[in-house]
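Shared between the two complexes below is chain A, which has chain B as its partner in the first and chain C in the second.
Up next, the complex of A and B:
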């Protein structure tokens, strides 16, 4: 049962990835093409999800938004997971002053809500998707560093590390061959769970104006656009919101199933 | 105990310096010149001479580290500088926005407690039965829902469709706080129902529960007399994190409901490149979060006699 569910969710995730990759070939209309004459139209056969204030096709923009959203979330998670686990492994392996410095930094980052700092960073640097990725990376890596360090500390006491050292294994090789494989499963599971979180946070930053800028088709931005037409055209904020909700739900289901699969104790 | 407090205060200081220094670095390397922005918004013809003069008045011509240390010096005495956009002390601006955020935080916490504590307890009591499944489904959806979309949905349903609340009133009152507070509470209940369920389930496995059952105690009494009092510490920790987060002002929710709080103030400050105000906001958000969580830690000793005895838990 567990396995079947996991396969189902993995299938759904792959399905979304395919949609995102091939979005340019699927969309019925260019997401940037605006036709003022047909602005703010209700959903119809021609425009499945209606058109926005500039007469752009909302469905096409949503698909492109998914592309961007998946791309940014995967990029951020890849960055924070790799930076975090490298820092954590270094701290755990070398100990001493290096560990002190890295772990104090981690303590600072974990001591207060990261989103406050992310808003400040992305806002001050100026709204763009790149800066949003940078901001969320700066505040996000610490959790992984703490995790990687604790695994590394545990592994370092094992006999095979001592054996590798005696045999003259280089530090780089020991970390690569023995420590990383131990750190990896935990990092992968946590990273999978962070994908949904990051999608929501990027959309949130864009919603506030500190992420993607118009005319980029981005979900948070589209919701913010729709906010002004809440009374007359509520579908403008309904569809992008639903899109985030569904995609994040699928990612959360998938990562929960992945965690259960990797950790049978749960 | 004293040593522990000292250690925490030291950590506070390091964290505050770290966070504000990072923000300061960013304002320094960020594109755009605040002096030019101010002159432009005042619709003054910008000449190089005037620009230099303004920069001098604002202290922007000093070396970077000197700017930061003089800011820290001011911060220690409670002077966070002048807000560029409002021409008022930053502390005054923060104090203006604090009541709104505080009110929202208190009402949201009450909502959150009212939903998630019974939710988590019921979910645990009826483990793997219908109520548990329903609550878990609900919390799953709540977790995946972006806060700002939830806020807009509530605004649409209760404001536009049902006309229960007026939209876009910026004054602070209990009535206008209901929707934004409900948004914040609902957004977090998903996570908290799950965690409270886990805490209670863990407590239900302990030996004293089996003992109470063997003595023929009613399940409901076991829950209220034994399990919940024992589960209160982790509950309070969760609660502290929630309140600490709220006191920093949740920007998206305050923006949607045009709520005059710290989050909205911060977003506006960023848009205006009002660096001292942003700096003050980051300082406040970090401080509020840490102090609240520290108070939670301290409360352990009073709430749980077991932790009091040794004095070094």
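Up next, the complex of A and C:
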């Protein structure tokens, strides 16, 4: 049963990835082409999800938006997971002053409410999707560092590490052969769960104007654009909102299933 | 961590809770129609506004506008619907033979909200206070002397000023009781004592409460209390009016207008404003080439922006001064009317070609990418910018939109830190567009005209501007202003996108709501409960 669910969710995730990668070949219309004369049309056979204020095809923009959302979320998670686990492993393995410095830095980062700090950073750097990625990376890595450190501390006391040291294993090799494989599963599961979170946060920053800039088809930005037309053309907010909801749900379900599968206790 | 079953019950609760909220919302939505067309309390008016003021100290920043909008402050003179200067606290005025001394006769009925009479002496103190506390007072005029004699106020200016009665109508010169301030009232904290129909009871940036001025000199005051919540989000403002939470709302956005026009529960009072939405163009960077500037203007379909994108809440742009002011809008010739073909040709003539096939034209290995600086606290500005971006992409110009905070715009304009920069400008808040035409386009020599950060300079323009500054004859002034505008159009000086209409929308619960071209006469004693 568990395997079936996991396969289903993995299938859905792959399906989305394919959609995202091949979006340029799939979209029915150019997501950037504007024709103001046909603006704010309701959903129809020609424009499945209607058109926005500049007469652009909302469905095409949503597909392109998925591409961007997946790309940014994966980039951020990759960055924070790798920076965080390297820092955590170094702190845990070497201990002493290095650990003190790194872990206090982590404490500082975790003391701030994440999204507020990200808004501040993105605000100072100026709105762009690159800056949004940077801001969320700066805020996000600390959690992984703490996790990687605790795993490293546990592993370091194992007999096989002592054995490796006695046999003259270099620090680099010990981290690579023994510590890294122990940290990895936990990081992968946490990273998978963070994918959905990061998508929402990037959309949030874009909604506030700190992320993607027009004319980029980004879901948060599209919702903000549609806000003006809440009463007359509610679908402008509804479809990007639904898209975020569905994609984030799929990722959360998939990461849940992935965790259940990889959890060594079961 | 939650167990599987734990998670399920939790989920159930969330779903139930959200349904309950939805149902309550739906029920509350019913039965609101009476609330809209009838006042909940005959003595209380509620007005949904946008507010930028932190305090009601009239000399700080542009806060005097708010003091006036809220019905607290009044000036000596007032603009009518055609921007003529008409009497208010001053019942008449005249200028001396040498055109340097203006005499204003203050209405003897006039009283401050604390009951003190408004004498020429009090007016003098108030005007001197404005000059002492606000630096920008001198951008309107400089006086050599002010004399008070009974109800007669005499202002002698340093140079001849054809439009002094209009200048003195700016909210900065609204008349406050300086005597009470000397007696200890703090205008920033408690609000000023003015002469308007309402007096300040409490004020925060989020919400103001006004009470009836028991001593009002100019007619009946119909409401005991006026509640003025600040609702900066246009959507929320529209919804508050629809639900009956407020009886009047200012500046309903284009997208929400459909809910009010033709709805028999509401009255829409819309008027062409004195504002122009303009994209200033920097004459120093890539836009130094007049052909590129002409291409940018020619490539922007301003007719469609106003009609379709902004649903007729704007008038299509062409000249610096909107058609609501009588300065020859129809006789001005725009050499850059919309034509994509012409725009493309202009770019080609200027040497820009798409050599690498990426859709963006280039020259000497450099692509034609322009920074377009905007702010988004006015809903139409991003819409305009995105529409221009989309249109110019079709002729091969790449526009990068840079959204910044409103507070940065002014400085960026002065520093010339842009290729294009959007503004929504009041062209004639003194009833005359001289300051506007001078500030943005007269040659800036070593920072002597700081507002012109664009680098625009044309000696003929400067010469005509010098003439305008000393011309008293209205017909000649008009002619000069028309010529000045034509020069700007011929030079492709800037992209004039459109002219907003402003509106006050009210529910049928009240009558007498009227919008004037100057947007600082919002709350007056003409707003009354409907019979």
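The working rule: the second predicted complex is superposed on the first by the 263 of 266 C-alpha atoms of A that agree within 3 Å, B and C clash if a C-alpha of one lies under 4 Å from a C-alpha of the other, contacts with A are read in each partner's own complex, and residues count from 1 in each chain.
Note that in this section contacts are C-beta pairs under 8 Å (C-beta built on N, C-alpha and C of every residue); 3 or more make two chains touch, one makes a residue touch a chain.
Being a predicted model, the structure only gives us computed values, none of them experimental.
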Using the touch definition from the top, say if A:34 reaches chain B (first), chain C (second), both or neither.
second
A:230 contacts which: chain B (first), chain C (second), both, neither?
both
Which partner does A:209 reach: the first (chain B), the second (chain C), both, or neither?
both
If you stack the two complexes on chain A, which partner ends up touching A:151: first (chain B), second (chain C), both, or neither?
neither
Partner with the higher number of touched chain A residues, chain C or chain B:
B
After superposition on the shared chain, which partner residues are touched by A:104: those of chain B (first), chain C (second), both, or neither?
first
Of the partners chain B and chain C, which touch A:54 in the superposed model: first, second, both, neither?
second
Between chain B and chain C, whom does A:220 touch in the aligned arrangement: first, second, both, or neither?
first
Counting contacts the way the document defines them, which residues of chain A are shared by the two interfaces, the one with chain B and the one with chain C?
126, 209, 227, 230-231
Residues of chain A that touch chain B when the two form their complex
104-105, 107-108, 111-113, 116-117, 119-121, 123-126, 138, 196, 200, 203-204, 207-210, 220, 223, 226-227, 230-231, 234, 237, 241, 244-245, 248-249, 252-253
Per the contact definition, I'd like the list of chain A residues that touch chain C in the complex.
32, 34, 36-37, 39, 53-54, 56, 126-127, 209, 213-215, 227-233
In the complex with chain A, residue positions of chain C that touch it
234-235, 238-239, 253-256, 258-259, 301, 304-305, 308-309, 376, 379, 382-383, 385-387, 389-391, 393, 400-403
Footprint of chain A on chain B - complex, ascending:
11, 14-15, 18-19, 22-23, 26-27, 30-32, 140-141, 143-149, 152-153, 155-156, 160, 167, 244-245, 248, 251-252, 255-256, 266-267, 270-271, 273, 275, 278, 281-282, 285-286, 289-290
